[in-house]
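Take a look at the structures below.
Each of the next two complexes has chain A plus one other chain: chain B in the first, chain C in the second.
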Partner chain A sequence: MTHLPPALSLTGLTRRFGTKTAVDAVSIDIAEGEFFTIVGPSGSGKSTLVRLLAGLDVPTAGSLHLRGRDITDMPANRRPTAMVFQSLALFDHRTVGQNIEFAMKMKGVPPEARRARALELLRLVRLPEDYYPRPVTQCSGGERQRVALARALGSDPEILFFDEPLSAIDYRLRKTLEVELKELHQRTGKTFIYITHSLEEAMVMSDRIAIMRAGRFEQIGTPDEIYRRPHSRFVAGFMGEVNILPVSQAGGGAVFTDLGLAAPGAAGAFAVLRPEAVRPGGDAGVGFDAEVTQRLMLGSRTQFHLRAGAAALIAEVAAGPQADLQIGQVARFSFDMADIAWVDA
Partner chain B sequence: MRRNPGFWYALPMIVLMLLFFAAPLAIVVWYSLMPPRTFDLTGDIGLQNYRTAFGDGYGVPLMWSLIGAALTTLITGLLAWPTAKILHHHAGRWASIVTALIALPIFISESVRLFGLSIFLMPGGGILAGTLNALFDVQIGTFLNTRFAALVGMIYIHFPFMLFPMLLGVAMIPADRIEAARDLGAGRWAVLREVELPLAAPGLLVGGLLTFVLCLGANAEAAILGGRAVTVITAAIEQRFNYAQDWPMGAALTVLVIAVTAALVFPAVRRIDLNRIIRR
Partner chain C sequence: MRGGRHILWLKVLWVGTVVTALYLPIVSVVLASLANTRYMRFPHKVWTLDAYRAAAADYTTVTLHVISLQIAVCVVLLSVTLGTIGAMAYARHDWRGRGLFQKILVLPIFFPQPVLGLALLLSMSALGIAPSWKTAVVAHAVWIVPIVTLVISIRLFGYDVAQEEAAFDLGASRWQVAREVTLPALWPGIFSGALFAFLLSWSNLPLSVYTSGADTPLPLWLFSRTATNYSPLVPAIAVIGTCVSGLIVVMLLLMRRLLAGKNQPV
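On to the complex of A and B.
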């Protein structure tokens, strides 16, 4: 078995702006053909990181290797990578075809070959061939997205970067494009490195996810690992609504501080509990009485905001008779200790 | 019922343009068709002035004007592009100060500035030659009273007219387009050719037109700095009107210059989307 070097290898990659460290000694290997997503809130350094990877910015320290070759000091125009920008950055003064052919033109590919490849790429991103001569200014949002994708693929890059390309798109189209992007990844077999602030978006598409915070990777793992075993409250909080219950040591053992209940087998300072793990009824391990303070219909589920002692919890219940609780009602809820992910910070 | 109110709001401007733009133009055209050396507007209409214009060596001053305007446009363009790029991207809070310093001389009379330049360049006791002589014991000649001096004056005077539209043009280039082009393999020249120049084109075109048209009508540079080395078409026209007292001939030359200008300007103006510039 031959050992392939990683598609991209970051070693202590650092970028400082004055006294502020935007990217703080990030090291990671990204495998050939992987769909790797970096998730972080704004200001976490994820956009700076991808700009370093694409060669649009120069690292203060550290190195970058592409398939074992040092590309740390290689300018963007010589790197065999391509980026889909958040703004898309399409050339509005050119046609769809000219946009897609740009990288090929820069490489000196003859016009007929460029055209043939551009039409191929149009099919790949599911745009009709008669879009070729159109000005990009006449394309809709989703079409522009596809043109940007085709343009990036037009350079036949070894790695594709995506800097939040779907953030400005409405929900339904975003969902469609997420699936298309995942399929495109599977079909092309290229390495995709994707930046987003949405863990939900990352979950759908990625092989591996890195959660970024203050210039560092807080946790790296498969979508499943991130979802089931977050390493910190920060990561847990990223998954949308989640219950985080502080645990303290009192007398004989651990207790849920706000619930005032024993927490047998507690393995951390905080219990992370998904809303669907909090169930009406008292049949699970830890049971408590709670008042319903809010009831939100989510479609297939109903969400309840609960108050129990000093604790505020969220429970999500599948449609059915159990979901009939009303605001102000006090009812018994419970959860299983096995559903808890323990974190220390 | 009132008609379209836009017409009434535009009426003062229409009257103004008719009185002070269209009417003088019509008079000049009419004069150019009158017999030579007459001051009447009632003579026989004829093209004899135009025949004289082509036969009598007025082609040379017109050519000098066109060459001077073209060279000035080209050189100010080459100087203004990097200046605009630096001011836009790197100067930061200095940009407005530098811009003001470049704009300020426009408020001083052109001939005052040109005489200043003339004093600077004078041989022997001129500011440049005198200073070099006094401080470094270096003796230099001068290029005052040459075509080159006239060209230097043209560039000096018209640089701001190229720079400011170009600044607008450069501001129309979004930074991410340049990054996208670089990311897709474009080197510096390719970025300039494929992205920067096309996106800044409206600014370049406006600057180019402004400079070219102003240069075509300029004669102070040639008179003050160029000495007798070069006669430009505006000097020839002035001479027809003033010394030669041949108004019809002067008018015919004027019409020719207007025609040349229009032939260059109209196709270019058609390509400019003024709305796009003003929106920025």
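On to the complex of A and C.
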């Protein structure tokens, strides 16, 4: 058991703009070395929250402690934290080297030491050393990402903040950078606090994820917990395609309203069911006949859109003879009650 | 191929016409300054530099330039300072009345300058201020500050304000943010603005006519002497004045080149 104080501790952190509350009494402890991601739709207050954490904005109420020290009123330039901005905000009229050395220059580090550290950081973010004298305007999108990361690391921060830095990057490069960022986190051992609107991106990198909605954390958990046990339809909806089946009480017990089947042991108003839990064949707990309305090839899996009674469901089946169903075909499908995550709202 | 050659000749002819139209008047002024008669007649019977000798000997020549120069320098300082602040407020912050500010700001540009000059003279006498080169500075500024503000704010449109936040986040003080990020980004705009301000003030006649009082700037002297008491001294001083302003612009450009060289990455 270690007794390190949390890297960052938020207590009732609140930010209001006029009558609108962007961040509503958020409290959480973020552990030393954790990769913590805040996921939310636009307008959920996640960007406002990270600006409060970085010291670029002042909270209306609440407090903020960094390793036990109160930093609520400390401006950004005195906080030992650094941020990678959504626009990256590289200094356009400077070279890659000058960008990376900026924080060290502000601290008064001598030029030779600055240069040595900058070259070290270039290696760390996997950029060749001969990028050092290049103007940042000559760098590609991915290279600019790396320069921004190296520049933030150049201030030797205790915590790094990321405000959706990958949102404007194309899919393949984003996937590469996600993995690199996760590796960088493991190598540096620093605390990373990451903002994104993509749960998929968060899943890949994070130790812990907070789902933010209307200024509050709706659910906090490991990627696995968020994926398997969402607390609400809102959280479940973030996972992309998922089946949400309403449950109602009729006569003797609970039934899946749209399927018209009994739902023994239902523990909520809605059943959240992952597409891969809906399987062809009738061997699992709840079986039903469904018509295939759409068939989509996803590579290793095939996705089926199904209609059963009033219910529309999605099933994903691994490649194989079971995936041979065609559009218009009626077949038996089933799922296990144990695969359901129950939510009330 | 023949068609291509035709087009080339047309291009040469066109460019030649434009250049002649632009420079012929200036050449005429130089030619007029080399005569010794009060009446403009060409070709001259006598070619002489007498007018330049007279100009060099005359104390007025220096006074005219000094007055024009001090007005221009004050206008440059005033308009660059106000223009930078105004451009920042305009381009960086989204505030109520931003659109209105822009319209009010450019309004003086649309005023005919003689009307503006008269209006300024009337308001100054109403306030009991005697016109002098200082009031001319104010008058020039009224017209030039909007132009300089526009020139600088064009520069600010491609500018990511998050750069300033990034610098602040990386430990820079407010002053360091301004010195390291804001000013370098604005510098080309400020320089062009200063150049515009200088040249517009140096050559301004309609505002100076009303507002410079007993102090006579160069264009005003040229105008009144051409109208009433013409001699080759007038074109001679005009040529000298053009050379002086040209020299100042060249010096400013050299200074900029030097400063840019110092900030170049090694």
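We adopt the following convention: the second predicted complex is superposed on the first by the 343 of 345 C-alpha atoms of A that agree within 3 Å, B and C clash if a C-alpha of one lies under 4 Å from a C-alpha of the other, contacts with A are read in each partner's own complex, and residues count from 1 in each chain.
By our rule, a residue touches a chain if its C-beta (ideal position, glycine included) is under 8 Å from a C-beta of that chain, and two chains touch if they have at least 3 such contacts.
Given the structure is predicted, the values throughout are model-derived calculations rather than measurements.
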(request) Could you classify chain B and chain C on chain A, in the superposed arrangement, as clash or fit? (result) clash
(request) Using the superposition on chain A described above, determine whether A:68 touches chain B (first), chain C (second), both, or neither. (result) neither
(request) Have a look at where A:12 lands relative to chain B and chain C in the superposition and call it first, second, both or neither. (result) neither
(message) Touch test for A:135: chain B only (first), chain C only (second), both, or neither?
(response) second
(message) Quick check for you: in the superposed arrangement, does A:91 touch first (chain B), second (chain C), both or neither?
(response) both
(request) Have a look at where A:253 lands relative to chain B and chain C in the superposition and call it first, second, both or neither. (result) neither
(request) With the two complexes superposed on chain A, say which partner A:155 touches: chain B (first), chain C (second), both, or neither. (result) both
(request) Name the contact category of A:107: first (chain B only), second (chain C only), both, or neither. (result) both
(message) Quick check on the output: what are the common chain A residues between the chain B footprint and the chain C footprint?
(response) 54-56, 75-78, 81-83, 85, 87, 89-91, 93, 102-103, 106-107, 151-152, 154-155
(request) Mind listing the chain B positions that touch chain A in their complex? (result) 174, 176-177, 179-187, 190, 194-195, 198-199
(request) Would you tell me which residues of chain A are touching chain B in their complex? (result) 54-56, 75-79, 81-83, 85, 87, 89-91, 93, 102-103, 105-107, 151-152, 154-155
(request) Name, in rising order, each residue of chain C that touches chain A in their complex. (result) 160, 162-163, 165-173, 176, 180-181, 184-185, 265-266
(message) Touching residues of chain A toward chain C in the complex: what are they?
(response) 54-56, 75-78, 81-83, 85-87, 89-95, 97-98, 102-103, 106-107, 133, 135, 151-152, 154-155
